[in-house]
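Chains: A, B, C and D, in written order; residue numbering restarts at 1 for each.
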Amino acid sequence: MSHNTFGHLFRVTTWGESHGPAIGCVVDGCPPGIRFTTADIQADLDRRRPGQSRFVTQRREPDKVKILSGVLPEDDGETLVTTGTPISMMIENVDQRSKDYSDIAERYRPGHADYSYDAKYGLRDYRGGGRSSARETATRVAAGALARRIVPGLVVRGALVSIGEKEIDRANWSWDYVGHHDNPFFTPDPKSVPVFADYLDEIRKAGSSVGAVVEVVAEGVPAGLGAPLYGKLDQDICANLMSINAVKGVEIGNGFQAARIRGEENADEMRAGGDGKPVFLSNNAGGVMGGISTGQPIVARFAVKPTSSILTPRKSIDRNGKDIEVKTKGRHDPCVGIRAVPIGEAMLACAIADHYLRHRGQTGKGE
Amino acid sequence: MSHNTFGHLFRVTTWGESHGPAIGCVVDGCPPGIRFTTADIQADLDRRRPGQSRFVTQRREPDKVKILSGVLPEDDGETLVTTGTPISMMIENVDQRSKDYSDIAERYRPGHADYSYDAKYGLRDYRGGGRSSARETATRVAAGALARRIVPGLVVRGALVSIGEKEIDRANWSWDYVGHHDNPFFTPDPKSVPVFADYLDEIRKAGSSVGAVVEVVAEGVPAGLGAPLYGKLDQDICANLMSINAVKGVEIGNGFQAARIRGEENADEMRAGGDGKPVFLSNNAGGVMGGISTGQPIVARFAVKPTSSILTPRKSIDRNGKDIEVKTKGRHDPCVGIRAVPIGEAMLACAIADHYLRHRGQTGKGE
Amino acid sequence: MSHNTFGHLFRVTTWGESHGPAIGCVVDGCPPGIRFTTADIQADLDRRRPGQSRFVTQRREPDKVKILSGVLPEDDGETLVTTGTPISMMIENVDQRSKDYSDIAERYRPGHADYSYDAKYGLRDYRGGGRSSARETATRVAAGALARRIVPGLVVRGALVSIGEKEIDRANWSWDYVGHHDNPFFTPDPKSVPVFADYLDEIRKAGSSVGAVVEVVAEGVPAGLGAPLYGKLDQDICANLMSINAVKGVEIGNGFQAARIRGEENADEMRAGGDGKPVFLSNNAGGVMGGISTGQPIVARFAVKPTSSILTPRKSIDRNGKDIEVKTKGRHDPCVGIRAVPIGEAMLACAIADHYLRHRGQTGKGE
Amino acid sequence: MSHNTFGHLFRVTTWGESHGPAIGCVVDGCPPGIRFTTADIQADLDRRRPGQSRFVTQRREPDKVKILSGVLPEDDGETLVTTGTPISMMIENVDQRSKDYSDIAERYRPGHADYSYDAKYGLRDYRGGGRSSARETATRVAAGALARRIVPGLVVRGALVSIGEKEIDRANWSWDYVGHHDNPFFTPDPKSVPVFADYLDEIRKAGSSVGAVVEVVAEGVPAGLGAPLYGKLDQDICANLMSINAVKGVEIGNGFQAARIRGEENADEMRAGGDGKPVFLSNNAGGVMGGISTGQPIVARFAVKPTSSILTPRKSIDRNGKDIEVKTKGRHDPCVGIRAVPIGEAMLACAIADHYLRHRGQTGKGE
C-alpha cells in the first residue's frame, strides 16, 4: 500500500481526522451497475458506531454517510446505481468535544504515536488522536459496504474470539448470535457474554484497557483469486488488516499454529465433489493455497492491542525532552477490539473485491 | 503489492521458476552512489543456499549471481557503484534434475497450490513447484543485500525461534551464534541445536515435515519511517513477510500477546535520553508506534507452515476429479522455515529501505 | 496513471460529476509544514471560474473550496499548516440548472463521449457531462494551488497562444498582461485581444465553437528532476496535460518543430555560468534533457479541441441504433481552451511537485 | 508511470544499458494460455535492429532474445504458452566497441542528457549513452510483441510520415509497402523513398542528423477501453510514446490540428451500422472519445528530435564548469526516427493490452 490508498483495481483512498469537519473515502474502480441504497451503507456504519454500550467509547457520533459522486439515482428515489466513476463518501464529525488540548500537544503519551509523529512530521494534529483516531475506520466500513456487493454470493462476517485472557468456546459458535441485540461484544458464543461483561467492567472501572482477537470469515469466494507470491490473496488480506489502528498481528487459516505441526496434520486433504471440484476435509489453509483462493471459506484473525489511553499514570517525556508522568482522561474504548469486528470485515471484503476484479482482468474469468 | 513488484520508491520485481533457465530480480529506484561488490550479494545468497546440511533440501545450486545492469565498475575491478537506474540480477538454474513430471501434472497434491493454480490459470508449471518454488526466494535475498546498504547504520538480523513444538530459550540468545559454522538452524540458542537436530532427524526419517517461527530484527532504523494508517511501516513489513512462500502469520513487537494484556502492561514507558530523544523502558511495540518507527529496534516474527511434500500417502483428487492418494518423493526441506531466516531478513530490509526513501521524499529528512 | 489518481509521491485523487452534490480531491503525500490559507486556493479557483466573460460558459458557480482534512489551523484563524496526512478539498455544486435530460440520455452527441461511455459502462451519467464535465477541472486547480507551494522558488504560469486560426505575436509577450482585468483570454499579447474577441463573438453567435493552444511555463525548477526513460519529467507533464478534457496533443520545448530541424539547430549549446552551472544559449529542449530537468524553464504546450456542444445539427444515432440529428443547447464555452490555462498550470505544478519529492527521496537532494 | 515500470495490469519493467552485459524486460500480468514462439518475438526485434541500411547506426547487434521465465514449452519444441507468471526476456549486448570513454566522461554533450544526469545522480554511465541508449528500446519491442497477442483481432502498425522538411504524400499510403525489403524508411509512400534517401544521404555525409514524425495505428480495438479522465486511453498511449527516447511531442487523431478548427468540422458524425453500432463518418478523434475507445482505428503520432550526436563542433562545458567545444564521433543514426516505428507500435500495443485487461477487470466485458 502506498500512502492512504489501498487496492489495485478496487481502490479506496481515505482521508480525515478526529477533529476536522469530516472524514471520508473515495472508492475508485468500482464496477458500473452495482445497485445499493444509502441505508445499506448506513447499516454497516451503525454496527461500528460508538456509544452503543458501556463497553465502548461514549463519544456520540451519528455517523451519517453522504454519497457525493459516482452514482445515478433511480426513479424510486432510494436506489443508487454505480456509474464506474469514483464514489466519494463523507461522514461529518459532530461530537467534537471542545476542550483544551494544549496539554497533550506538548506531551508524548506512552503507547501512542505522539513521539513518532513528531519525529516524522515535526508537528502533529494532537486533537483527539488526529489521523490515528478510531473515527477514521468509519470510512473503511463505508467502502467495505460497497465491496461486499462486487462478488456475487459473497458473505463476509466477523466475530470477537477473545478479550484479554478470556476466550470464547468455539463449540458454542453461532453466527446468528453475533448480531443479536443483547450481544455488545460481537461474540459468537452466547455463554461468553457474562464473562466478557464482568471482565470488562472491572477493567473499565480501573481506568484500564485490554486487547482482543477478531476473526473474520468470507464465504462464497470463488477459487482462483490471488497470485502465487507477491499479490497473494492472503498477503493482501493481512496487509489490509494490519493497516487498522492498533493491530499487532495477523494470521490466515491455522496461522501460527501451522508452525507447530507436521505436514500430515497441516495439509488439507481432498475428495472429489459432485461437480468435479474438490471437497476439502479440513481448512487449515484458511481458504488460500499458494496465495490463491481454493473456494473454501477464507478465515483470518488479527490481534488488537489495548488502547494506551488509560488512567494509570505512566512514565514519559514531553516535547522538550523532560521526564513527565502521563495519564489520559477522556472518552475511550476499554477494548477497542470490539468495534474492530465490522472494520475487519470491511477490510477483508475490500481485499476480495479487488482480487476478484484483478482475476477477471488477467484471466477473463468472472462468474 | 501488485503483481510481482513490491516497494514504492525502492522497488523490487522478481521473476522465474524452479525449472526455467534462470531466476532473477530488478531493483528499481536504488539511490545512486551505493558501492558494493558481487561478493557482498553472494555472501547473503550463500546463507540461503540449499544443500548445506542434512536438514535442508539436497538440491545443489551454486546460486551464483550476475549483475546485469545499473552499475558502473570502478577501477579496482571489483567495486560496483549504483547509477540510479534499474539493477538487474540473475541466478541461473543449474541442478534441474531431469525427471518425468507427467505424474504430478495430473494430480493435485494436498497442501500445495496445484488445485488453486489450475483454478486460476487453467494450466500450471508443475515442474518443481514452478513459480512457488523456494528457489524464487534467492532473488529476494539478492535484492535485500542491496537494501541493507541504503540506510546508514542499519543492521538486519534474523533467527529461528522455534521448530514445531520445540522453542529456543531466549535467555541464551546470542546473535553471534546464529551464523556459527556448527549451527545448521540459524538458532540464537546454542543449547537448542541438539534438540532441534534430534527432532528434525526423526521427522526427516519419517518422510515428514514441520513448521517453524522466524524472528527478524532491524537495528539502526531512524525514528520517523512509515505513515499513520495505510503506509504503516509495520504493515508493509508484515506484507513483505506474508509474501514469502508458506508463511501463514506475522506479528510485530509482542504481536498476538498484545491482545492478552492490559494497557498498563503494554504501553512502552519513556524516560529522557541525553540527546533529547526518549529512552524506552520496554519494546512491546516492536519499534513501531502508530505505523511510524520510534528509533527502537524493529522486531517481527512470522510462522512458516510445514512443507506438504511428504512421504505419507494423503487423500486427494486428480485433474479429472477422481479420488487418488498422493505421496511426494523428491528432494525437500523437512523444515523450510530454517532457510526462511535470510529471506525474512531480506524482506525486512527491503521494507525499511523503501520507507527510508519515502520518508526522505515527503519530509526532506535524511538520517 | 491508474484510475482517478495521479502522481507517485505527491498524489492527487479527484472525484465528482457536474450534477452531483459536490466535486473534490484528496491530495496525499503533501509534505508537512506547508503554510497556506483557503484564500490562496480560492484565488486560483477564481481564475478558472465560469461566467466571468461572454466568451465562457454562463453557468454560475461560486466554486468555494472547503478544506476538510490534513491541516492544523494556526492561531491567526486563517493560516493552515499541512500535517503530512491527506488533504481533502471539496467544492459544492450550486448552479445545477434543473432540466429534463431524458432527451440526451437516449442520444449520442457526435464528438462527445456518450457512445464510448455506454460502450464501456453500459450506462452513463448524462446530466451535464457527468464525469467529463469541465467542472471537474476545478479540483485539479485546487490541488495545483498546493503543488505550487512544494518547490521553493517555483513559479508556474500559462497563457493562451492561439484560438482557432488566430495566433498571438510572441514579440508582444507580457506575462503581466495575462492576468490583466481587461484580458478575458489569458493571452500574453495585448494586441491579440480585439482579434480574439471579434473572432470568438462571431463563433459564439453562430452557435459554434473553436479550439485553442495553451502554453505553460515553470520557472525555478531545480536541475535533476525526472528520470531517463519511464518516469521522464516531460512524459509525466505530458500525461498530466493529456488527462485534461478535450486535449488532443501535447509537446515539450520546440515539440513537433524538433522533427523538422537538424541536430545543429536543435541541440541547446552551453557556456559556463558563474556558479559552475551551465548557461544555455537556447531552450529547444523545454527545460528537460533525457527526461531530467536542466534548470532551464520548463515549457509545454497542449492543443484543446473545440467543444462538440454546438447549435448546428449533426448526424448521429441514438441508443437504439437509429439515425438521428443532434444539436446541443445549453450553456457552453465557445472556446473551452481559454479556461484551460489555469488547469494546465495546475497539472504542470503537480507533475513538478511530485518529481521534486521523488528526486529528494531517491537521491537525498533537496533544493 | 513510476520508475521503469509501465502499465497497470499488463506491466512491463525494463532494465539495461548500452554497455552492460545485457538488456531486458519483465512482462508481468500477462494472461495465461497465450501461445507464441521465440521466433515471433524475434521477428519484431529484427525490424528494429540496427545496421540494416546506411541510414541507421552501423552498430551490429544480433538482438537475439532469450525467454527466461513465465512460459511452458509445448511438445512441438517451439511453441511456448504463458503461465500467467512474470515473463523475463533478455537480449545480450554483443557489439560493445571497446573504446576510451574517459573523454566523454568529463564533457557535457549539448542536446544530450549528460549534464542533467550528473545534476540528478552525481554520476552517470557515460558508455554509449548508458540507460538512454536507443538499445533499450529493443526490450520495448519484445514486450510489445507479446502485447499484440492479448487482444483478439488487434493489428498495430506504424509508418514514418516525415523526415525533417520532407513529408509523405498520404494519397500514396500503402501499408503493404511499409515492410517492403526495398523500403529502408518504414514509409508508406513508395514515391518518398528516393526523396528521403537523397535528403538523408546529404545529412549523413554532413555528419548531421534530422528529426522525424512517426504515425502508429491500431485496428481491431474494441469500444470501451480507457476511462473518462485520468486513465484515458489516449493519455496512456501518449505517455507510452513520450517515454521513448528523443520524443518531444505526441498527438491523437487530428491532434494539434483540432485546435485550429470549429466544432462542426471536428466532431465525427455517426450513422447507424447494421449491427447497432455506429459507423463514424470521419475519425478526427483518432478512435478515442472522452478517453474511451470508440471502435474506430486508434491513430497517434509522435515527433522525434534529431540526435545530438553530430560532427559539427558545438559550444558546451565540462564537469569542471569550463567552456569547451564538443563534436561526437561514433556510430549514430542520422535519423533515429526511422527505427522508432516498431518501437512506437510496441508502446501502442502495450497501452491497448493493458486497458483491455483493465476494462475486462472493471466491467467483466471481454471482446
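Methods note: a contact is a pair of C-beta atoms (placed from the backbone, for glycine too) under 8 Å apart; a residue touches a chain by one contact, two chains touch by 3 or more.
Everything numeric in this text was worked out from a predicted model, so none of it was measured.
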* Fewest touch steps from chain A to chain C? -> 1
* To do: Work out which chains are contact partners of both chain B and chain C.
  => A, D
* **From chain B, the most remote chain by mean C-alpha position** => C
* Listed chain pair B-C, B-D or A-D that repeats interface A-C [over half of contact pairs the same by residue number] -> B-D
* Asked: In angstrom, rounded to a whole number, how far apart do the mean CA points of chain A and chain D lie?
  -> 45
* To do: Quick one: report the Å distance separating chain B from chain D, using the average Cα coordinate of each chain.
  => 38
* **Inter-centroid spacing, chain B versus chain A (mean Cα positions, whole Å)** => 27
* Asked: Of all the residues in chain A, which ones touch at least 2 other chains?
  -> 2-5, 8, 14, 29, 32, 84-85, 120-122, 130-131, 228, 363
* Can you list the residues on chain B that touch chain D in the complex? -> 2-5, 11, 13-17, 20-24, 26, 28-29, 32-33, 66, 68-72, 81, 83-88, 90, 120-125, 130-131
* Asked: Which residues of chain D touch chain A in their complex?
  -> 8-9, 29, 31-32, 84-85, 228, 357-358, 360-364, 366
* Structure fact -> Per the touch rule, the chain C residues reaching chain D in their complex are 1-6, 8, 14, 108, 110-113, 115-117, 119-122, 130-132, 136, 162, 164-165, 203, 208-213, 223-232, 234-236, 238-239, 242-243, 245, 248-264, 266-273, 276-278, 281, 285-286, 288-295, 303-310, 312, 314-317, 320-323, 337, 359, 363
